[in-house]
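Sharing a structure, written as structure tokens. Questions coming.
Chain lettering (A, B, C and D) follows the sequence in which the chains are written, and residue indices restart at 1 in each chain.
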Amino acid sequence: MYNIKVRGVLIEGNKGYHDITQDVTNPLLSKTTPKWWWIASFVTTSMLIWGIWGFYNTIAVGTGTWGLNNSVSWGFAIINFVWWIGIGHAGTAFSIFLLVLHQRWRTSINRAAEAMTIFAVMAAGMFPMIHMGRIWDGFFVFPYPNTRGPLWDNFNSPLFWDVTAISTYLTASFLFWYVGMIPDFASIRERTVSIVKKKIYGILSLGWLGSARGWLRFESAALLMGGLTAPLVVSVHSIVAMDFAAGIVPGWHSTIFPPFFVVGAIFSGFAMVLTLMIIVRKVYKYEEYVTQRHLDAIARVLTFVSLIMGVAYISEIFVAWYSNSPYEMYVFFKNRAIGDYEFEFWAMITCNAIIPQLFWFKKIRKNITMVFIISIFINIGMWFERFVIVVTSLSKTWLPSTWHSYTPTLTEVAIFVGTLGFFIMGILMFLRFLPMMAISELKGVLKETSIVKENTKSHEE
Amino acid sequence: MKNKSQILGVFNDPDVVSTAVDELLRNNIPIKDVFSPFPLEHVWKKLNMKTRIPYATFLYGVLGTVATFAFLYWSSVINYPLIFGGKPTDSLSFVIIMFVLAILSGVIFTLATYLIREKLWPGKVVNLPDPRSTDDKFVIVIEKDMDMDEATVRQIDELLKKSGATEVNMSNV
Amino acid sequence: MIINKFVVARIPKVHCFLFPFFLFFLISYSLSSFGQTAEAEKNFTQCKACHTIGGGRLVGPDLKGVTSKYPQSWLIKFIQNSQNLIKSGDKNAVKVFNEYNKIPMPSHNLTDAQVKDILLYIKNGGKLPAGVSVKKAPIKTAVATTQQVNQEDRYFEQQRKGSRNLTISAIVFGILLLLSIFDLLFSHYLKSKWIHYVIILSALWILGEWSWDFTTGLGRQQNYQPDQPIWFSHKVHAGQNQINCQYCHFTVETSMHAGIPPASVCMNCHSQVKEGKRTGKKEIAKIYAAIKEKKPIQWVKVDNLPDFVYFNHSQHVKVGKINCTECHGDVAKMDQVAEVHELSMGWCLDCHRKHKVQFRSNKFYAEYKKLHEELRAGKIDKVTVKMIGGEDCAKCHY
Amino acid sequence: MEKKYWQSLEIYDEIVKNSVSNKESMPEFSIDGLDETEIKGKSSRRDFLKMMGFSVGAVALVSSCQMPVRKAIPLLNRPQELIPGVPNYYATTFFDGDEYCSILVKTRESRPIKIEGNDLSQISQRGTSAKVQASVLNLYDDVRLKGPVKGGNQNNWKTIDAEIKGKLEILKNDDKEVVLMTSTIISPTTRKLIDEFVIAYPNVKWIQYDSLPMSAMRKANKINFEKDTIPYYHFENADVMVGFNADFLGTWLMPVTFSKQFSKGRKLKDGQTKMSRLYQFETNMSLTGSNADYRYQIKPSEEASVLLKLYNILAEKTGNVVYNTTEVKTDVSKVAKDLLNSKGKSLVVSGTNDTKIQLMVNAINSLLDNYGKTIDLNTAVNLKQGVESDIMLAISGMQSGKVGGVLFYNVNPVYDCVHKDKLTKALKNLPLKVSFATTMDETALLCDYVCPDNNYLESWNDAEPINGFYSFTQPTIRPIFDTRQFQESLLRWMDSDQSFSDYLEKNWEAIFFPKQKTFNSFDKFWFKCKKDGVYNIASEEQSQPVFKGGKLKAEKPKIGALELALYENISIGTGRYSNNPWLQEMPDPVTTATWDNYVTVSPAFAKAQGLQQEDVVKINDSLELPVLIQPGQTEETIGIALGYGRSNAGKVGDGVGKNVYGLINISTGLKNLLGTPVTLEKTSKTYSLALTQTHHVMEGRPIVRETVLSSFIKDPTSGNEEHVKFLKDENFSLYPDPKFNAFQWGLSVDLNSCTGCSNCVISCQAENNVAVVGKDQVKLGRIMQWIRIDRYYSEMSDNPEVFHMPVMCLQCDNAPCENVCPVAALSHSDEGLSQVTYNRCIGTRYCMNNCPYKVRRFNWYEFVNNNKFDYNLNSDLGKLVLNPDVTVRQRGVVEKCNSCEQRIQEKKLLAKSENRELRDGEILTACQQNCPTDAIQFGNLLDKGSNVSRTNDTGRMYHLLESLHTLPSQSYLTKVRNKKA
């Protein structure tokens, strides 16, 4: 049970149930769209359009428009893919882990985090697709019955595992997200006066009633789906890690990768949640829902995870030395630490292992601006981590004759920016059209976790 | 059917609903349903409601695992065995795919079961006894049968009001 | 006719095409001691296209008495490669060549002994010596009746119609699907929901079937029966006239391509046969035109494989001893040749998985010692193509 | 090998007539069984692969969008030996004016697609060089002239013949000289024809012109032996070889022959433990230098002194006259000792075109008693007959007006003559200027008439590269364009209607046929000659001429001055092959650079001058070239490759690099590539070079394993300790060992034999339809060649040891690449090959990452029909070189070496249809077949008696990165250097 004395109030500002409904649904029921939303949409649309150019260029001209070469044949695309997948872990980690652990402070953040998951995973999913040399034959990765023998897929390939894991993850987290929104859609359905909205949200709510039996089954189904999806959080990024760990490349071939990646994913995901929620609470004035205490809790988690990351880095380096394999040692001591990509390596160490340690100071945790900046640093650091893993390892592998460096091209950057645009666009759409906090859940925790004043504020009618 | 109507007790506070339910049950008044904006765990318990969805989910998971294994084994060992990298055709890699697909089948079929059991589908038209139950009201629904006399109705009405209902309404279904 | 067809249809396919081989093998084995083999008769079928024995001049001369007219050694040389002889300036050869409209006699890949056998056969007036009786391989003679032609055509026509019907119903059901979804969600015109569900499910089924059909058909052209520049009937040539496939497609045993016959091969017969029964002079005249204008005839390829597939005819026909009809269908019954099989990879593999290799008879396979041992030990009863790597990708794709 | 030789032209008739010259009539050219596919639009799903070449012709699309109608167009009349789908081989001769090679040409559907070495030749002995391999592409060069040209416009032969004949007559009557300038002509029949031409037109003066002559050697031999010849060398008989700036494995005189000989003396197979030793004294790091056991750096100006020093030591020991010389720091005592120990079994050569130096070399060889043993003066080499003074005389004749006309055959002096400015000016006023060039090159551009010669694959000819060794050129295809052989042009102008083939035949009947006794009919003799491609007339043994020495004198080496050492590049040679994209993209075996020439400087010099790789420097204040830091380059010298900077080579070769022919040292009157004093100045510009390798040392990894001969004799596994350890360790694997039914194809590369000549790279490129990607892509690290020759230095020092290591797909049994392909495009075959199925590949490139050897190549762009990659795959003509058995890969597909699967299948099928077992050595991979040093063996590893198994069964065998337990089928043999431990 939530202990207010220890943890503090979850929802501040003396809210009533009706206030919650109103606060959450007002932005999407209001007829006018705020100006900032249009400006942000314009910016992200332009990013998206640039990204679409990148996609077009790649598909029409060839993968040659990227900076890859015969030695470094994975680059920006895979870096961004892993990065996005990592971010896509926040939502699920947040809502499902905390749901399963009965951490009630998740309630005001989980919906947005899940939305983030969906869009991040969608953004991530674009990369393996555009990364293919022959995207038009991409359907070959699915083991569908065919007239070629039939010829199936190679089930040993980590990429095949990737395909199954990511599509499963996307499906499962989308369904979980959607199921969670059903009662909220019903709330909106009943609240809106616009016929169109009533119809649309009515369809989306699937005819939700909110009866006791309905809630019982709902809770049961949601918990089951959450419980089933929870291992996915671990497995998806473990499988993504196996893309590398199952490879023979020095710097990749390492058993630490799966847990290391999962932790990294949670790290970057939480950081992204932090970044996003700081903006959202500011813009939508949700300080009462996403309280200082929420941010504090996330910051503490980040500090802890950052320490794990640091240990992971150290143990990787230690193992490289301990293995006595000249190839491994070269990767860590020469190529990463003092090689062509030393900046990226040290940026990774600094952003991921050192800067988050500032969260030890309460003052910094309390300073929203600092928290925001550090969360951005973590995002950048995690991006560099993927860069270091993918590029430095590949650029100098076994035979020195094949060593070649890699610089991304404009097309690759465009695609990355495009997915950023897509992601932000998705979030904007989410903020505009979907309940960004779980109304029913907020109501559920309202009484237990807040000092509620006499329930007289309910609307008169 | 036509003459069926419902007595609706509208409450403001979940805790009050809980006591009202107790009160009604004590008076042997059958509660048809309780509509609330968020789940009220104690109400289900009091009304002795249960669900068997978890068993179904377990079944789906097991079926997903078995079906995946059967497919993988058939396709890569029996149907068209190809050697990849010197590994045997029946490999450990199956475990990973089985794990993931078991979850997928679990999630999808659980949702499907839930939707079917709850009779939810897009476009379903509903008439809530009290639309405010999705906002801030908690509604106890008591079915009023043909044979229910006025006295009982009044008793229920009183009972509800006494338990803390802000209003008691009648509705025709 | 009908009865015949019926019987044939009931003989399993494999036996059907192996039977002549088997028979041939049996006969040639039993007759080898006679010095005159039934092989000669078989070999002479090649000659029959242009020559008769006592039947008068055809494309080439009547062969009656040819054995006494020319020395045997000269005949052997001429039969094996007439052009060489002509080029070397041999008088007799040049004379014959000029006499018969300068139509070169195609060279024959026959050994001296085989030619001698044929000569003996000719000397005997086209009969095998007494005491040697030969069972003729049962060759199904197909009489070209218009009715049959129509049947053939209709068969493929129906196939095409079938796919068209599916397309039409897919469109209809697609529209129905959209309508019923709309009605289910918005208009509620039909009150009984089950009608919607029935429509949606059946529409999905039809659409699925159609898209399966469409996608697997991409790049394939089963039942493809294009019009050829010349109305050439395989039924007449291979069926009625029983011209051996390899008479025209003569590189099938030596090359990856079976080979489309050069116009000069057509001219072997058509320098004499100038009129067809059904087409009159019109179609045959196209050959003459081609030769006169030096413009090759542009046949349309019927059985197509994608470019990334390496298929070698000699591997299958010579080494694998596969009958042409296995892949091309019974061409002898088709007027216009059509692609009978789908020629998909699955279709290829299916055969590779079932088909036996000439494992014992071809010395090449001696290298597969383990399989030989297993065969001897009775662990396996046959060696299929699959067992010697016939399922490997790089057998056909490189 | 099933060889089909070509018998007579008549049979050949119908096939290739009109071929590509007029596209309207293309269908006539088509061959039955070949598909004629019109590709409408780019992205039809299946039509892209295996461009058969014959993709022209109007074909309508019917019925469906997905399958275009394909036509099968038979010939009207099939020549007997032409079977569609079956290759024919014709024996012929490659001679481009510089290099000679006897070859077999593989033709498919009557178009030459591949060149193989002729194993009957005693000179090239089945070996070829990269240039020879690539020469087939020149046949399909778009810039070839389509017909005779007059004043820049296409004309017809009749007019041109009449006009030229008229002008020749006028000049004859005016008694003006006409210079017939040809490259070295080794064809006895052509020489006879030219003599007849000179008789017909007495005013014609015939001179031979070589871009890089060897006149000094001829002169020295004239002085020493009274024989104006280049002797034939026998490197295989030499125990000790000393080279002075002679890149005899790469470019000098007869590199293929010498490589073959060189490797023979250094093979360590079948228990042989004897190995010859090579000392190399050189300025640039040449291919030969990179293969030397001991390599000494000398400046060009020091060469004479070093040679004289060597001579003096030898003379002292043998009691001969000693001459004064300047002391040089190079220590030659060890060389001298070694030479003396193997007297009569040693060989000293110098590639410097300086008579003084050649005299010293002769004197040393004479001291060492090498004549008659390793040097055969009686068997003259007929290559390089050009004399520098001839062209000087000709130019001055033109200037003075004495010369009225000039005919250029197979020479391009306007590009590669030192005096090209003078020549250009002199040409201006000449009444008759005729070129026989096949393309509109720099010289042809200045000529009034261009009478394009046939490509050698369309020609008749004979050749006598070495006295008594004849070889024949016969056409393998009808002339594609309206071109005419040079010899036939001469015949026409002599009012003869004879074809040159008749002339050739008559000449052989008259002169050579009587000399032999084996054949009694000329037809048989002639057939045999054409079939074999070579014919030798045994020369009677003669005693070697007596050496007549003179005083030797060496000039003082220049100190402190920067000296230039020009060199001939192994790929594009003298510039003749500038327009050949295969050669342009062939990485230089030493620098690994492609598509450019550059200034090679030593690391020390670069440091001193503050030069970085790719900095642009100014040579002699005019020529700007980028710097390439080359370990092994002598300090205070720079090296630049000739043959670049063509302005009229064609779209591929134009503007690639800079022309440095003007920098040739002519101080002695001879064209000496070495020793021009130059100045070098750093500019602020940089210019990026396309290198295929950016890291040059092995970082202590056991990649190329080496040992020295003495250790090897003691322990055959020396240097290969890793492998011994690997075998000793229990190689625990989770998975069972791979099992194969009958075949496991394996290939072994003898690193001791491999010189890095890159013949295999081009051979593979030609066989497997490998695309050319251009300089920018090479720079990005996207070269497509399936074999790369890794070159490592022992250290990045001033004089490192060099290793060459060809790396193709190693066909691992535990292939890491196969595991990771999601779509099963890679799998392992029943015969131990790692198969790649292009049409299944979706291009995730995971396999490329996971290949430790990085032998997989990705099609980053569509390299076919793409104007951005305007090489042979972007032209209908250029595509005719494609091998129809091999798929042309689409963009987005990963490809790699497949051990010439098509050849394996071909030979297996042959064995099956002949009802016999497969013979060992029957299957030859493209890289193996023409290797001039026989460094590559291929065969069945399961057969313990096979060549490759026996080769592997020595202590020298190891697998690359074997500790990874990838179990490669391809193996390497350790490199053994014959030097002190």
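Just so it is clear, contacts are C-beta pairs under 8 Å (C-beta built on N, C-alpha and C of every residue); 3 or more make two chains touch, one makes a residue touch a chain.
Note that the structure is a prediction, hence the values are computed from the model and not measured.
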Chain at the geometric heart of the assembly (C-alpha centres): D
Pair exhibiting more inter-chain C-beta contacts, A-C or B-C: A-C
Separation of subunit A from subunit C, taking each centre as the mean of its C-alpha atoms, in whole Å: 61
Centroid spacing, where centroids are CA-atom means, of subunit B and subunit C in whole angstrom: 67
Whole-Å separation of chain centres (CA-atom averages), subunit A against subunit B: 29
Computed distance of Cα centres, subunit D from subunit C, in Å: 46
Touching two or more other chains - residue numbers and ranges from subunit D: 45, 816, 818-819, 821, 824, 826-827, 840
Junction residues of subunit C - those touching two or more other chains: 185-186, 349, 391, 393
Per-residue multi-chain contacts in subunit A, two or more chains: 149-152, 154, 156-157, 160, 203
In the complex, subunit D residues that touch subunit A: 43, 45, 693-701, 703, 777, 780-783, 788, 790-792, 805, 807, 816, 818-824, 826-827, 840-846, 848-850, 852-854, 856-862, 890-894, 960-961, 964, 966
Of subunit C, residues touching subunit A in the complex: 185-186, 216, 342, 344-347, 349, 391
Sites on subunit D touched by subunit C in the complex: 8, 10, 27-28, 30, 32-35, 37, 45-50, 52, 62-64, 66-67, 69-78, 80, 83-86, 741-743, 825, 827, 829-831, 833, 835-840, 885-887, 898, 901-902, 905, 908-909, 911-913, 915-918
Subunit C-facing residues of subunit A, complex: 146-151, 199, 203
Residues of subunit A that touch subunit B when the two form their complex: 16-18, 21, 143, 149-152, 154-157, 160-161, 164-165, 168, 171-172, 175-176, 179, 182-183, 186-187, 189-191, 202-204, 206-221, 224-225, 228-229, 231-232, 235, 239, 242, 439-441, 443-444, 447, 455, 458-459, 461
